[in-house]
């Protein structure tokens, strides 16, 4: 029982970060038909900003820990949205729907951004204190409040995104564009603006994951890239462009990793994931919830 | 846009010159630089070879590693003869790529790209998990036999150049036309009785054999290999070579590899600036010079000719 | 040839569709559709837009799999076989849209068509020249297919199929967008293919006058079902056809 609850808790906390990360990636793919290799750079930027703003806010401004975290989070979102707007305006908008071209561009951007982070922050891991350091017990499983908060926030954000996509005009535009760009244009939706919105929402989701993970794991200039391969596996399984697929896939991969990591070791878990992906491809080349083509 | 086929004899002359340079260079660093450039050129040409069918194959990096590990395992752990170890590198890489292709080429576009990326990282992970092959630290002690040791760079350069010509030869053949047909509109080859999946696998296998050989040669050139040498980043750099040289032309990968490898020597070691440099090159090449250096040269030549008239 | 040939060639059945059915999700595109194609005839498949002609074409050429029914080509059951297999048996199709390799030269287009049957570059080139001469493309061999005038693009898509040496040629709206003289030339080519080369042709076409002139027999599809079948005269007099098809145009 204890093991089960512990594994469930681990699944949720690993999975919720994966879900946020993969949601952004899949949303950007759906709207722009590009695979954004630089998605991890949004995560990294957010986490790095938190690690520099938080100490400044507590030490120089004398704010309390939660207040300085909040300030850091706001700064992180601002920085990531700026980066997102810049790379969209000066890059991605010229290669919309060009799969290979946009992929190559995103690789170039990833290298540039990682280089800049490295030049600014250096290679040493950086960490910030946990805002909620206490540990709680649920059915014998131990979980820090920080991680519990992460799970709850991730659920709220995911729910919010779902509502945004299903219930708002912007969401309708995003769905229309994802399904058929030409039809959407005929309806008078400005494709470029919808694409930019989708791109920025995707970036914000990565930033959210970065802000949430900063107090939990030490941050390096390549932190975000470590999520990239997992996120790729998730969206292969879930289907590119599928929001529900990213959620199911993220939780599933979180489970494989926490269960596999508990009984075996992390590398075995990653191998298991890959074998699962191969099995998936053999049966359903378009992912669980993806549409053919 | 169809670019005129390059003067094949000029390329042969260039290859011979490269081999002679590697043979006669008094500075071993210069000789090894030739091998390094040609290795990168083969990686880039192989990546471009699979782009013929419209797919971006990140696993090019994985098959480079498979070649290098095959040769190294056979040489260091099994003590097999040099020629055999070198022959096995492309064979094993080709065999593994056939399996890989058979499963993954049912997908295309973004899915294939992502799967080839995941495959590359997983293969690298597998190396780190096996203690016999040195885990994270890899293998050391691959040396060419005494007889050719002194001239190894020239030997490797000759084989790498041969691999480049082989890829070019296939591209120009009827088979190469079928690859391009698949990229252009795969319903047409299917409608006239061609097995498109088989052809796609064949394309990936041919490219993998070339990089497998390059991997085997790299193992002997470097004397030491480690899993981290074969991350997806190898394919990313190869992509940068293709883009900067010009994707539309068979010489593009070679030009790109030569230019970037030489310029890269200046920024190597300063990791932050190396990243920014390569990244900026990719971004600028993609957005400003879609035809790469060769496309640019063609345009300049066109302008000069237009002016002369 | 024209409608007089309605006595119908007595050739053996070369293709038989039995109760073919294809559903897409909840939508049934083709159902309970049976027909026969006899060796040496030109059979027209007609019907209003959305009647299921394209789906039928995709079904018999193996580009999509039937949800039900059977398909027999030259005595062999090929239900569910791949497009590659069916094409290798001698049933080759053309396409209504994207019917050629637009970025490649005319030579390369036809060469791709000849690739499976002919071994060796020289034999393939021989085939290319033969087919190009037949389709009026001999003077355009080095042109990029996408730059050809429309009429020649249509001919090129037929040339690609011919290079694969079909016994059954399935043409999907080959006359769309052709000018008057071009239509005549195309119909003459079909007739020559049948008489001189022994081909059997299945023709989907909107140009009614051309269909009436070229085909020995017609089958009419409406709402995914067989509506009528017979000689062009019989079909053009059929009340149900007039109502469903011709009637709608008035």
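Think of it as A, B and C in the order they're written, each chain with its own count starting at 1.
Following the convention adopted for this analysis, a residue touches a chain if its C-beta (ideal position, glycine included) is under 8 Å from a C-beta of that chain, and two chains touch if they have at least 3 such contacts.
Please read these numbers as outputs of a predicted model, since none were measured by experiment.
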Chain occupying the most central position, where position means C-alpha average: B
Highest C-beta pair count, chain pair: A-B
Whole-Å separation of chain centres (CA-atom averages), chain A against chain B: 32
Distance between chain centroids, defined by C-alpha means - chain B, chain C (Å): 44
Between chain C and chain A, distance of the C-alpha-averaged centres to the nearest whole Å: 50
Multi-chain contact sites of chain C, meaning residues that touch two or more partners: none
Two or more partner chains touched - positions in chain A: none
Residues of chain A defined as touching chain B within the complex: 29, 35, 91, 94-95, 99-101, 103-105, 107-116, 118-119, 123, 229, 232-233, 235-236, 240, 267, 270-271, 274, 277-278, 281-282, 285-287
Parts of chain B lying in touch with chain A, wherever the complex brings them together: 51, 56, 103-104, 106-107, 109-111, 113-115, 117-119, 121-122, 125-126, 128-129, 236, 239-240, 243, 271-283, 286-287
Complex contact set, residues of chain C against chain B: 61, 63, 83-84, 87-88, 92-95, 98-105, 108-109, 111-117, 121, 124, 144, 160-161, 163-164
Touching residues (chain side chain B, partner chain C) in the complex: 2, 173-174, 177-178, 180-181, 184-185, 187-196
